[in-house]
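Look at the two complexes coming up: chain A is in both, with chain B in one and chain C in the other.
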Partner chain A sequence: MTTATLPRPFLAQGWLRALVGTHVSRLVGIVMFGTIVAMCVLVPILSPYSPNDFVNMPFMAPSWAHPFGTDSVGRDIFVRTFAGGSVDLIAAAFTTGFAVIVGTTLGTLAGATKHRWADTILMRIVDAVIAFPLIILLLALVVAVGSDKPWGFAPAGLPAALIALMCVQWAVYARLARGQALALRNADFVVASRVAGLNPFSIVMRHITPGVSRITLAYAIGDVVLVVVILASLPFLGAGVQPPAPEWGSIMYEGRGFLRNAWWITVMPGAVLALTGLSLSFIADSLLDNRR
Partner chain B sequence: MSTSDNLVEVRNLGVLLAGRQVIRDVSFDIPRGGALALVGESGSGKTVTARVLTGLLSRIGGKVNSGTATFDSQDLVNANSREWRKLRGRMVALVPQASLSSLDPVMRIGGQLAETISELDPGADIRLRSLELLDQVRLPRPAALLENYPHELSGGMRQRLMIALALAGRPELIVADEPTTALDVTVQKDVLKLLGDLRKETGMSLLMIAHDLAVVGMVSESVAVMRGGELVEKGATDKVLGDPDHSYTKALLAARPELAPVGTPLAVLDRETGQLHRPELPVLLRPRQPEPIIRAEGVGMTYHNAKAPAVHPLDIDISAGAAIGIVGESGSGKSTLGRILVGAQLPTDGTVLVKGKSWQDVRANDPLRGAVQMIFQDPYGALTPWRTPRQIVAEVIARWQGLHGRATLEAAGDLLDDVGLPLQAMDRRPGGLSGGQCQRVGIARALACQPQVLVADEPTSSLDISAQAQILNLLMRLRAERNLALVIVSHDLAVIRHMTDEALVMQHGQIVERGPSSRIFSSPDNDYTRQLVSSTPTLRRTA
Partner chain C sequence: MTLRAGWGQAAGKVGQSLLTLASVIVLVFLLVRLIPGDPVTTILGSETSAEAEAALRTALHLDVPPVQQFFDYIAGLLHGDLGQSAVQRGDSVSGIIAGALPTTLSIVAVGMLLSTIAGISLGLAAALSPYKAIDLTVRTIVMLLYATPTFLIGLLLTLVFSIQLGWLPAGGWAGSYPDNFPFLVLPGIALSGHLGPIIARTVRQAAIESSQQLYMEAALSRGLSKSALNFRHILPNSVLPIITLLGISFGSLLTGAIIVEAVFGLPGIGSEMTKAVARRDYPVIQGIALMSACAVIVGNLLAELIYPLVDPRARSAS
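For the complex of A and B:
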């Protein structure tokens, strides 16, 4: 008799059930995060003002007309927060997605390969990258790339941050995937696949990579939060997205001087940032939870 | 009703777990100083029943919803946690199955004993009592042992230690949950003997949980057989094992290889009709082939940094249709030898030639790669958890049989059907299948390579006895139909004797005896083989 107790299912079968499973915290996380993403898409479209319009008096406290109040020059913080949210979330999703793909591919190959020298070389590179201070690299890149003009859709200051993150972030995923692949390469089912003469590439793709991806996915969701926080803290270092483009960090940075009298300029986008992190953590935790 | 004779009385017990009625109407008694063995396959409810008697049912979320269970007239079903603290350890003690995970890995043996003694026997001289307990379970050099950590003890010693911990509170009843399942047969015999001796010395009662009917005969005078949460038969051990009344008990006995003539199909209980039936086996066609498929010459294995070789250099030839058994206890090198023969691992000495070509020179796309296949001990671990049986087999078929697309899926379905996997199981993930079903999938994957030799490493040791009979029948049928050579690696002498013509007995990486299976197990030449044979619990052939 197995001794695990199964939580009672609370949703009917179907795609929603498949997505949420039996985790209440995952459902809460998905609903919260979905709401924030929807606001980031809808608010700039439906709002009568653009993020850079001067709509009212400066330093107005939150009200029905301006739910998050107005800033030092009378712009609507509600609109700016959700317009800036898409910058943070898209940038974070983009760099993390890039890191997951590059890092997982390299790490899985390193873990699965017969050639130990290839593994050794890659992992020493990973060590070096992880040891390199990200902030220094970022500031150096800001100087090199410049932060005065936008690149396509990316507002000024963002490209340097994106390049720096892409240079660094993949290394963690390579290490993560390698560890998993090393554990899986001697699993009975991989030995069985080898003995059955399957070609090495399909063994990696079908029998190792999917086993690596669950933990990687959970880690990546946590990483999105981290990247959002890094992007939001860059303005405080003089890097990051440059004004007047809205971004959570730059809005908070502009409000830092008025905390005593106009707390909402900093706190409102900060609260949205915190809720984003919380919701993603709920989802990531539920993925790592092995109870079924 | 007088309760003085019975220490434990269970009446019409019913248990609800995760919304299912896992125990239904179970009644039994354990007399003072007596023993009862609860026997059943996985899912029969034997462990849940034991949890009722040790007050651990609520831990797994189970609830008694009918009947009573009493210990010395005290109600166990409604006992609260304070009452259980008085009962547990002092009146009822548990010897769990997994001795390693039940001990604290970072605490010395002395510390673990002291903790238990001070809780259950306050006021006792801890050191004196510890030594006394270790002595009671016949552990050698008890004083030195107090300073050891659990990982420094062998499996058998750890299980003795678990028994010593259970004895600390001088309980009147010991509940032993499969206490010897993970142990080698020679060690198992000693531990079972110890339990018997302790009963005589202390007058305690014993409730033994087991899946193996043969083990029961060595410790308990009465036995109760469970199936699907119900008690189907109970009585004196001799009677139940010798002349069972219930068809399920008969099936459990008939499924055992030692009771059937060598090489004949084993009886299987038909779930729908409740009847025993013996499948027909095709006649073995055995064209003599002078040239062996596998020729191992001086093959040995010494692991990096190991003091002694895991396998000392040895020679084996395997020709078509042969059936060879490799027997040994844990650490004997038998599994390593099996992996070397299939080419999953390269030997450090000698070479294994497959039709004259060394494994070292056989690439993944060489047709010879498919010629030797392997069946694994852990049926779940052998299947990629996120792929369905049909996908797993189809992938291999696509590789070797030149089929594409839908045709491979159909061929996979046919092959899975041939090994007896039900249609509805073909598209489920392995986690949703039974152990026996997973093992069938593993066999189908091996067959998809159209092999000539099948190396099976403990193919049935993690399966229930009825699933074991079905898998052994399947292997015998495949051998006959396809003239497959079988190499069976196992600790189970009954399986080897039933399935093979020739056997090698291994100890410490060396072959201590080899010869025809029928001769080796009836009149062994070697001392170690003799010890193995005499330690193996067997049922006498009756009726």
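For the complex of A and C:
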């Protein structure tokens, strides 16, 4: 039997080593994602134009003045893309964070509780939610929630999409966490702490939750990609962020009709979206990879 | 392991699926009713007439007590009646779905076929030289594709193959076979851009795992050639998980098909859903949600039932 040779750590020690581990791909992912986040913060601040300004002629090809070109009414795609990026990324981080916390809590409790009926009821709900194709359940909820007005900082259409995502996304984490909690509740160290007389609450908090959340958190990083993609897909189905607010999906949806003459309106934000997804996948993959 | 135990196992899985189906039906029923506020005013907006509100209330069947609503709803389902469209009077929801379903299913079928072929080839190519250049390239392509939204893949395919090269139609639908086939190619490829990477990743993982098993060492010491090893031992073991994967991916394939339809203007479930969302036609949305969840449950069940037939090890597991 051949044993896999362990890759040599390329960062000998220090906090970088702890963050990156032995994975080159994780470092690449962190650098790529960090750059994109920095651009989303800096570009709207440093740029002379705001995302909704008409800055030049319509349909200008990418140039030094407008690196991603201009759209059908002469707005700068570069500024719109990175201003839209913060909408997508904050929304995805927010709903995924909510889903991880709610899902992990419910799932851990369901897996650890001795009231098996509570577990059964929760898992029936989870099964039902997961049975729906995600986008169909989202659209149904978006229509039911129905608000298409802006809400605080959230542009029109976003609140309904966020509420819909929060109603759906937790279920996957509940299932993941429950499975993990079920496995841990009979682990030796949990049995030992039970024998030692630790109360059930402390056992869940101190011994089960850390093991469960390690798995759900790694999964969550990959899930952010999924949420960004879903958010960007919604405009194509008549939901999601409404124009003129910049958002990756709505920019691409607006550019869809001009593909023949002005491919950059669609392709440029799309490329940034794909690179964001790639960088997060690199990070998530390296966290789930069992090579240390 | 006896045949009877196999039937018992299968019956248990069918029972589990029926239970999930029951939860789904309850959830779809509650969907409109659990949302705070009156669904009628939500759907119609604030500026509307009393007649329009009353008509919608009747169409949504909200003018009777909730318990009776539920039993009427169940009775309707048992007769295959999913209600009437709230916007297009006289159109039954089941009729709308039945008209659109064949288009969606043909896209799903083409997408499944293409992603299976591409996924197996890429996954095996990567697994046969793990952590080397080919593997790294395949994994990067796979991740990039996975991170690219289906609609973007569709738009890029249109840009290259329809607009630049003029090889295939950018959208539309002929309405009958075999004239439909050219219209299915680009949507099918776009759809496989999501499932293909998942299959490739799974095949790679399974192939690497099976290449580290003891029976590989045994086969090697019996003097089997490298290609015999790959075909007799690695290939079957790495293709097996695809059955399960296709089953559980049915939902995401439907999701993808819906988006692809919107991009290519195909008259399927996705177009009906988009239309219904724009018109806030709630009965149609509910019907499509219920139908698609059923399809996913059946897909999962089929995968679970077929798997033990193909893999003897799964039979003896109980």
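List of remarks:
In this section, the second predicted complex is superposed on the first by the 268 of 292 C-alpha atoms of A that agree within 3 Å, B and C clash if a C-alpha of one lies under 4 Å from a C-alpha of the other, contacts with A are read in each partner's own complex, and residues count from 1 in each chain.
The rule is short, and it goes like this: a residue touches a chain if its C-beta (ideal position, glycine included) is under 8 Å from a C-beta of that chain, and two chains touch if they have at least 3 such contacts.
Computed from a predicted model, the values in this text were never measured in an experiment.
In the superposition on chain A, contact of A:M252 is made with chain C only, not with chain B. By the touch criterion stated above, A:W263 is placed in contact with chain C alone, chain B being left untouched. In the overlay built on the shared chain, the residue A:I135 is in contact with chain C alone; chain B does not reach it. By the touch criterion stated above, A:V145 is placed in contact with chain C alone, chain B being left untouched.
By the touch criterion stated above, A:A93 is placed in contact with neither chain B nor chain C. In the superposed pair of complexes, A:R124 makes contact with chain C only, with no contact to chain B. Once the two complexes are overlaid on the shared chain, A:S281 sits against chain C while remaining clear of chain B. Once the two complexes are laid over each other on the shared chain, residue contacts for A:A192 go to chain B alone; chain C is not touched. In the superposed model, more residues of chain A are touched by C than by the other of chain B and chain C. Residues 1, 4 of chain A touch chain B in one complex and chain C in the other. For chain B in complex with chain A, the touching residues are 17-19, 22, 42-48, 60-61, 339, 342-344, 364-366, 369-370, 372-374, 376, 378, 381-387, 395-396, 399-400, 442, 445-446, 448-449. Chain C contributes residues 19-21, 23-24, 26-27, 31-32, 35, 39, 42-43, 131, 140, 143-144, 146-152, 155-156, 158-159, 163, 212, 214, 217, 251-252, 254-255, 258-259, 262-263, 270, 273-274, 277-278, 280, 282, 285-286, 288-289, 292-293, 296-297 to its touches with chain A in the complex. Within the complex formed with chain C, the chain A residues making contact are 1-2, 4, 7, 124-125, 127-129, 131-137, 139-146, 225, 229, 232-233, 236-239, 249, 252, 256, 259-260, 263, 266-267, 270, 273-278, 280-282, 285. Looking at the complex, you find that chain A touches chain B at residues 1, 3-6, 8, 187-200, 202, 206-207, 210-211.
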